[in-house]
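Multiple structures follow.
Two complexes come next, and they have one chain in common, chain A, joined by chain B in the first and chain C in the second.
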Partner chain A sequence: MNFKHILSVVKKDLRVESRGKETVNFMFLFTFISLLMFNFATDPFSPVLNDVAPGFLWFVFIFAGMLGLSRAFLKEKETGTLQGLSLAPISNDDILYAKIIYNLILMLGIQIIAFPLFIVLFNYNIAGSTLDAFLVLTIGNVGFVVVGSFMSALVMSARSRELVLQIIVLPLLLPVIILIIISLRKVMIDAIPLLSIGEIKLAASYVVIMAVLASLLFDYIMEE
Partner chain B sequence: MKFQRKQAVILLAVLWAVVLYAMYQVLFSLGPLSEELLRFEGDPMRHGYKIFFFSMQAAAITYIAFAVVLVGSVVYLRTKNLKWDTIASSSAKVGIVFTTILLVNGAIFSNVGWGAYWNWDPRQTTSLFLWFILAAYLSLRTAVDNIETRARLSAVLGIFGFVGVPLTHISSTIWVSNHPQLYNTAQSSGFSLDKSGLTLFMILMTSFLILYIYMLWLTYKIETQNQIYQNILRGEQ
Partner chain C sequence: MIQVEKLSKRFNNFTALDGISLHIKQGESFALLGPNGAGKTTLVGILSTLLKPSSGRVLIDSVDIAEEPEEAKRRIGVVSHNPYLYDELTAKENLEFFAELYDSEPDINSLLAQVNLDHRARDMVGTFSRGMKQRLSIARAILHDPSILILDEPTSGLDITSRKAFYSLIKNLKSRGKTILLTTHYLDEARLLCDRGVVLNRGKVVRDIDLQASEALELEDIFEGLG
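Right after this comes the complex of A and B.
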């Protein structure tokens, strides 16, 4: 693990993204549209909204993240830069870490924009601390990005990759998705402080296990 | 001596006879649940607990199928011998059948015990999670054309997917669950069987295990034949 190498790959990805801004724009627009869709689906003055809104918020990130994640390695494959990347004197693990960090930056950017948007659109009163709700979402997104980036590399050589990616990532993330929804509801409805929620610890440990497995197995994906 | 069709038919016939006998014993001879375990007067679990004899076995076989996928995947990545990949994929195919049996049995149990076929008990949810992992594993295999790439990628996913097994196993202890406990915990004492119940349990367990091994062997053989056939086709072009 070499931080300089990781940083240079992240920088490269960010520079490519800042030129085209395709992924960011799509992700942001998609987040906006799906928030609106969920908003149309419910009566804004109904008391039920209070219960379902945390789930909506989290699903918006899952779907928007799916859109961005599928690009992480596929972009390299399509433009043929993957070979260059694997020829560079960087260990495979560092490439994976760099992709995870890059994806995380994208997700956090979307989160910073979408979270206030959600509060405005749904006219939502968070019972607990807003920072806690934000942190729960961040932990969920870390898990999502770790599994998603790894699986994005896994499906590179498959047919109809974007489709297969969703089928593989969502089942593996099911525990994280469920646990994050439970903790979000606890923070946003029952006003329980972050550190006394058991589910969030469980989700975090699951993410750690996934991260360890991913770094152990990544060499096998890149060998070709 | 090679294991032939005739032996297979005899084996299956004996297996069926034993399973039918054990099922009859479980359903009609085995006594009801002991009084202190019943929750209220006229509790449907009085006889409903017998679903345990069918869902527990399916759960055990599901775990075994996952373990075989894990071992096959690890050995394939170590040795690059396609035989192990075929074993892993056959086990996944058979495993998804047993996971489906587990889910159906679990739903019936849930309806008897808790009043709804699906009530998102952690046990049910995590079992569904196992089913989805196997489905993802098998769909990844259909999406990759090259045999070596397919074996390599699905082996990685097979190792990843095994995470679900420990999670499912501990799900009813770490979450609030209505599922009967297999071990003594702080909240409740474990569920135990008397001697005749235990015998029937072991008979059914062994039959399920033999059925799993037989199905695995059969699937493995079909897969191998299929690969030979594919090789011939490719050779002709």
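Right after this comes the complex of A and C.
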């Protein structure tokens, strides 16, 4: 692992994104509109809102993340610059790590804006600690990005690319998705502190395992 | 120095390269000719470590590319039809980025001057013409001072003027002792830049060509005989 190389690629990706902002704008717009739609679709005084909101919040992040992820590798694959990267003496692992870090930065950026927005729009009263809720979402996003970046690399060569990505990513992410929803409910509704939630530890372990698997398999994917 | 030994590449059941052997000496410039689908890009892809061979061996300056791919990559610069540049970065930023990946610290301004782009250093590459991108692509390929330059149809899509500018750059690199491997569909291009070469067809070397010999040679005649 060469941190200098990883950092160079992350810096490059952020710079490229900062010029066009295509991905960020799209992710943010999606998040904002979804939150707004849900806001109008529910009765603010109904107890149902309280019950489904954590799941909804997480749902919005997953789909916003999906939009970002499908771009991270595919754009470089389509323009051929991924080959240009492979010509340089940077290891495939480092390219993957860089993409994961880049995606994490995008997701955390969206989360930092969307989470407060959610609380304000819904006038939501989190029963537990707000920080814990934020952390659960963060762990979920990390899991999503790690698994998603890897899968995104995996399906790079597939034909109907973005479609394939979503079909493969969702089942693999299902354990994380469910565990995060349960954890979010426990924090946001039952006011249970983060460290006493078993599900979040399970989710974290799953993510670590997937990360290790991803780095082991990635070399096979990059070579033809 | 490029040494290719009994190299084969199969894609599923299709044999794209079939037992190719070549020896290209240090400082030599070598042309790979052949009709569409002959296997030129596949061979170049293996030499530049983008593709893994099915069998056989490649040595770059005595480094086995299968054993030490990163070391081999440091000795090779690649220019192909795709310039491998980021449209959203400036010319300078592109070169700086690739220099970081090669852990090298070239004089970016002088590199840009060499390819006549010093006046466009701070412009986005997306605004460049194809000829300018191709010239910048040369700068990208030589910024780590490789001993070998691999050029895969580098002038396709360039007009005469850009092509000439490109040729003089390559000639200059040749005079500086770089080993050059060029694939091309143009015999005059091969004549202009290379000492000798081979014709590839259906994954096999079918003919050696001395490009400096005076014998009249027409690629059409060679290709027609291939069937």
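Throughout what follows, the second predicted complex is superposed on the first by the 224 of 224 C-alpha atoms of A that agree within 3 Å, B and C clash if a C-alpha of one lies under 4 Å from a C-alpha of the other, contacts with A are read in each partner's own complex, and residues count from 1 in each chain.
Convention: a residue touches a chain if its C-beta (ideal position, glycine included) is under 8 Å from a C-beta of that chain, and two chains touch if they have at least 3 such contacts.
Because the structure is predicted, anything quoted here is derived from the model rather than measured.
Visitor: With both structures lined up on chain A, is it a clash or a fit for chain B and chain C?
Guide: fit
Visitor: Go through the superposed model and pick first if A:87 touches only chain B, second if only chain C, both, or neither.
Guide: After superposing on A, A:87 lies in contact with chain C but is clear of chain B.
Visitor: For A:8, decide between first (touching chain B), second (touching chain C), both and neither.
Guide: After superposing on A, A:8 lies in contact with chain C but is clear of chain B.
Visitor: Touching A:19 in the superposition: chain B (first), chain C (second), both, neither?
Guide: Second partner only.
Visitor: Going by the contact rule set out at the top, does A:210 touch chain B (first), chain C (second), both, or neither?
Guide: first
Visitor: Between chain B (first) and chain C (second), which, if any, makes contact with A:33: first, second, both or neither?
Guide: A:33 sits against neither chain B nor chain C.
Visitor: Using the touch definition from the top, say if A:167 reaches chain B (first), chain C (second), both or neither.
Guide: first
Visitor: When the two complexes are placed on top of each other via chain A, what is the minimal CA separation of chain B and chain C in Å?
Guide: 5
Visitor: For chain A, which residues belong to both interfaces, chain B and chain C?
Guide: 223-224
Visitor: Of all residues in chain A, which touch chain C in the complex?
Guide: Per the stated touch rule, the residues are 4-5, 8-9, 12, 15-16, 19-20, 79-81, 83-91, 223-224.
Visitor: Which of the residues in chain C end up touching chain A in this complex?
Guide: On the chain C side, the touching residues are 48-52, 69-71, 73-74, 76, 78, 82, 84-89, 93, 97-98, 100-103, 124, 140.
Visitor: Show which residues of chain B lie in contact with chain A when the two form their complex.
Guide: On the chain B side, the touching residues are 77, 125-126, 129, 132-133, 135-136, 139-140, 143-146, 149, 152-153, 155-157, 159-161, 163, 167, 174.
Visitor: In their shared complex, at which residues does chain A touch chain B?
Guide: Contacts found on chain A: 154-155, 157-161, 164, 167-168, 170-172, 174-175, 178, 202, 206, 209-210, 213, 217, 220-221, 223-224.
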